[in-house]
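Structures incoming, each one as structure tokens.
There are two complexes below, and they share chain A, which is joined by chain B in the first and by chain C in the second.
Presenting the complex of A and B:
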């Protein structure tokens, strides 16, 4: 009976696996090209920042108050205003998505505004088919109106000081750039892609072609097999992580405030469950098409959707929140974003690293069982 | 007679035979059948419930150096709002910092000394609120919730102080067309119809050719009397049917399970779906004409679909994208089709607007289908 680990076999196998990975052009494609593409997409393509919204404006009253209010909308940096008196044409634009809201200053605006005891009304219709844009339009339209009211009262209309004056501060991302948290967050998706998707696909091909059986027929032990299969992808994962980190800092100007050592420990801890899941899928399914679909569905999409990257976990229904606890990316994103934006927050880093390593061990036990069963 | 007179069959009969063969290839294998139906439905459920841009269950901490009535009132109003899960009192600035750093709270409020007294006297009362900028999107949403709460408190304080003597000179009445209560699901489900049917159709198309090339049976197909365009049409019909079936299931689910109103015309919608599926199949054939193995086809699909989904207007508004990228995204079929599905579902979009968004789909189909045909012909001969 051979011992569980032999350094001679490990070295030989490792050389074989490394050569195999380096000779396959698609692994280089996944480890280098895809991370670059994804970081670019998240850096440029996905933006939750507020930008300029196109707005229609109907001004039915021509007094000085409504003129100055209309000018306030036209001059607002948040809106690109099209003024028109054709209500139907503007509504057609709203239906087509050419504008996102219509502001109407009614014909009795000036009269009611000047009269005491009466309130003049400004009507806003937003395009509710996209709720986040609709919220943005009404919030900013309110903001423009409030500022306009304040400037009017400064010119001697009603004075109303007093009241609560909220002074918000956004720590660690003062300018509220969504890129600063999306780009580090997207690394979870990229590392899952390399760890789970690539591994599942490549290793399933070996099972499909029967080269895996040939390998298992040699004196190689299962731990040796798992370690040497994993190491090249682990190295590829760290290379991709390095490329991503450099791009984030030097191309997208995301600050980095933590320690590099902590960053790499975190990356390494995350690659354990990611690689484990990929190996497990391929060992259990042994069919490229099915393995790729399963990896997509159980690893890639959850890393994207159920990790807190785009959608807040605490707002999801309870049964989905329960599922998110089984998504490794959920434990990577908060400490990763903190390393970039805050610093070494140990109470966030340590428990999450421990959970990731725990997940990794669980996957390796499962791989061990699935592979051993196949030998019988 | 030894061999059937296959060569003398009319073109439609040859293609019919091919389509039957392709359908059998897709449906014969149990694992394959499951992958056609289960993932799309799982994705539909998962995506539709997980995608929410509202923030609920937010946790807040506050430091009370005031101890007055207004502080108690504001805290009570925040606790009463359904968007907040916990409002916890802490005893030092350090504790606020710690709660935010460790993400135990998304915001911290400092009530300064004299806050209630200032308010009562009608003086400005500053209130500092700090947010976790790492989650800048959620923070902004929470900040707007807190803004609404303080505004309404201000208004009731003003009303109490001035004995209803003064009214605001003007106010905004906001309504939301097409989706009055801003139901997020109404936005998500139409987008999902577009995305999921594209993903399934594309992977079926790309994989079916690649699999035959990897196994070598594609060469056998090429030596039959079938012409290249006949093979391509035969290869397109099964994924087309799969896509059509998927999108029909999703439309039915959207209307009957998720209660999304279907305001517009189904005929217009299905008319657009035909060209949408054709454009996606064109991309799939194009990818498979370039790949010789299943792995390459999978990677090609992945490289196309990820940017196509991210730049579709679903994850974030397409208006936020830089101009050069927005121009490139014009070649993205998902982006055009999402406008149509949302328009037909929620806005009863008229024929002319549906057409305006279908024309790009037709152009994309013509371009990708003929590019794929050209590539197949030239790589084969």
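Presenting the complex of A and C:
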């Protein structure tokens, strides 16, 4: 009996695989240029911030408090304010999408403010057809209001008449730049792409070109075959991850507060299920075209849509939330973002790494089950 | 003393149907016995789908039989496949090479995988590279080698650690006769080292040269033994018919219809006939051959092969019977007028010049990459010639390309059918693209279905029907619009002799209706059916004439008197070798560069 692992055969297969990787321009394209392109895309193109929003302002009261509040809106860097008292015209603008929200300072504002301070309310109307902009308008309009209140009390114009003041404080990403969490988050998509899309092709290719048949008829064992199929792409994945990390830190000024070691342990852990899924698809389907489609549908799209990167998982329907537990990228993004923005948060890192390795082992068990040295 | 290196007894292999139904399961091998002796080439012969590849894969331990045992070097393959892998060399149909690795890297890989001793490594590589004459190409990527060289490299990889059993699955397919003959010589040399070799093939000249032959058909073994034993079974029954008055194609059709004629093929201007046992061979009942001369000739393996498979098809082509009569005309139907095609600096075809009258079969012959496909594509209107012009059915290719295309039927290599569409859908699709509609299309399709007996397969996917029917369907689709000109690109490459005979019977029938046929082939058997041939090599026409002319010319070239025993393949090889010699002498500088 041949032993399960021979260092000589391992080396030979690994060399062969590396040569194939290096000679195939498309592999380099996917491993080097694709990450660069995607990081730029996420860094510049996709932004969940809405930097300046056009806002309508109706000031029905003309006291000093109202004027001061209206000025706060007009001076806010987040809003481009159109002030008007023609309510109908502003609502028409809102419907037409020319403005994204309307803030109304009611006619009794000055009176109520003078009486009780905090209870002086304003009305905020937003265009709900784009929920994220609507949320933004609502949150920032409230923020301006809150800030105005705070500044008024600081200047002693208004004594606090009890109650609790809510002061929003954003930690870790003080600038609230979505880029700072989008760019590290996008690594999950990039690594899934390299891990699953590239490997989905490699076993299927051996079947299609008839080389699998020749390999089976040699003393090569299944573990040797799988290990050497995986390692080159593992290395490629780490290279791509390094490119991504460097770009994030040096081009996009994303802070990095964790340790390099922890970062690479996390990358490595994530590559296990990513590579495993690709190899499993490839080994089971034996057809490059079908395998790449399946990899796109089952690995890339979930990593993109169901990982919490773009869409908040907690706001998804329950049954979709349940599905997200099976998406490995879900366990990469939070610890990865925390490594960049917070530091080594081991209670967050360790369980996620464990889950990723668990997924990886599951895939490898399945791979061993579907790969047999036989054409039957 | 010969000892047995591999033996299979009572092997049965059943494949589950994709549908999962028991009734659809395919019995690839049904109780087959087989053995391979050391130092011999054992041929595995049979038509497509006979079970040859399955048997080789079972011997290689790539599959497990449903019943029966296989021993390789005394080891039970099912029980200990790993030990078997150490003892065999296996070359699958596509050679099992990594096309993105160089020749040397392929060799290194297989040497390591097969645990070739490090000390022996350099010697082994040197020996194999000598043997395959690949020394000059060690750094070339396998994907950039010619078909013949790939095949040699595949063989070298299979021979890395001198196996006891060498399994070659159809090594001759898709390779030109020169390379095929070289490979045969190389393998023959291996037998002296005591290796037992299995060579599966659909080429019967290869089968004839094997030490032992096993003939498979539909999973059953029909014959096992020395090839001349089988050939001997048709002794005194094979005759050459020549000097007849009638048209050779009509005479053949009439002969095949005669009681007692088992098989017939055209051989240049003559006809080769196989008579049934207990029949006194004569020309009676063969119209057009009353004054013909019948000479006994030595039987060949192919005669016996057809005989044991139940004889060839009879003479009438149902397809041709319903075909319209193409009007007689003096205008040549296919013309190549000094056509040249260049791709950058590379001349793919140079100065092609011929004119084919109505009702003639014209063959473009040549090794792979010689330029015959380029010429063919220019005439189809798929490529524009760099210089020169051509015409098809009277339509100028430069100015009325669309009309020219409408006047021709085209059957591509490997039958370009839609495998996922049903037989009926394929017929309807091709009727549609050739502009047939309504009642005409319906009538034409129904007629095709009836005459070619496609009805049982109408609902099946075209990809899954038996090869013979696939070929019929492809031909139907190509001639749906009853074109006056038919283009055939390697029409029966990789097809067994029975299916090939049926195909040519249809083509002969169509030609009798006035259809003009242009065929490319590197299969010499097909060349015999042609009225005239252009032999193309390195972009040039190196010979031109009837098959008999070419054979005569080549035998004179080789210094042999007896042209009758010179086969088309001999002629082909002699002419190509001669062209190489002429070329080297005239242009030594170029060769050295």
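As a working rule, the second predicted complex is superposed on the first by the 262 of 376 C-alpha atoms of A that agree within 3 Å, B and C clash if a C-alpha of one lies under 4 Å from a C-alpha of the other, contacts with A are read in each partner's own complex, and residues count from 1 in each chain.
Methods note: contacts are C-beta pairs under 8 Å (C-beta built on N, C-alpha and C of every residue); 3 or more make two chains touch, one makes a residue touch a chain.
In this text the structure is predicted, and so the values were computed from the model without any measurement.
Student: Pick one for A:8: touches chain B only (first), chain C only (second), both, or neither.
Tutor: Touch partner of A:8: chain C, not chain B.
Student: Looking at the overlay, does A:16 come into contact with chain B only (first), chain C only (second), both, or neither?
Tutor: A:16 sits against chain C, while chain B stays out of touch.
Student: Which chain makes contact with more of the residues of chain A, chain B or else chain C?
Tutor: Partner with more touched residues of chain A: B.
Student: Examine A:342 and indicate which partner it touches, taking first as chain B and second as chain C; both and neither are also allowed.
Tutor: Touch partner of A:342: chain B, not chain C.
Student: Thinking of the overlay built on chain A, is A:305 touched by chain B (first), by chain C (second), by both, or by neither?
Tutor: It touches chain B, and chain C stays clear.
Student: Does the superposition put A:75 against chain B (first), chain C (second), both, or neither?
Tutor: neither
Student: Looking at A:213 after the superposition, I want to know if it touches chain B, chain C, both of them or none. Which is it: first, second, both, neither?
Tutor: second
Student: Touch test for A:64: chain B only (first), chain C only (second), both, or neither?
Tutor: So A:64 meets neither chain B nor chain C here.
Student: So in the superposed three-chain picture, is A:85 touching just chain B, just chain C, both, or none of them (first/second/both/neither)?
Tutor: A:85 contacts neither chain B nor chain C.
Student: Give the list of chain A residues in touch with chain B in this complex.
Tutor: Touch list, chain A to chain B: 26, 29-30, 34, 37-38, 41-42, 44-49, 51-54, 65, 69, 91, 94-97, 109, 112-113, 116-135, 138-139, 141-142, 145, 149, 152, 157-158, 160-174, 176-178, 180-181, 197, 201-202, 205, 287-290, 292-293, 296-297, 301, 305-306, 310-312, 314-317, 320, 334, 337-338, 341-342, 345, 347-348.
Student: Touching residues of chain A toward chain C in the complex: what are they?
Tutor: 1-2, 6, 8-9, 11-13, 15-16, 19-20, 23-24, 209-211, 213-220, 373-376
Student: What residues of chain B sit close enough to touch chain A in their complex?
Tutor: Residues 31-32, 35, 39, 42-43, 46-47, 49-58, 74, 85, 100-103, 119, 121-140, 143-144, 146-147, 150, 153-154, 157-158, 166-180, 182-184, 186-187, 203, 207, 211, 294-296, 298-299, 302-303, 306-307, 310-311, 315-317, 319-322, 325, 339, 342-343, 346-350, 353, 356 of chain B touch chain A in their complex.
Student: Going by the contact rule at the top, pick out the chain C residues touching chain A in the complex.
Tutor: 57, 60-64, 80-83, 85-86, 88, 90-101, 105, 108-115, 141, 157
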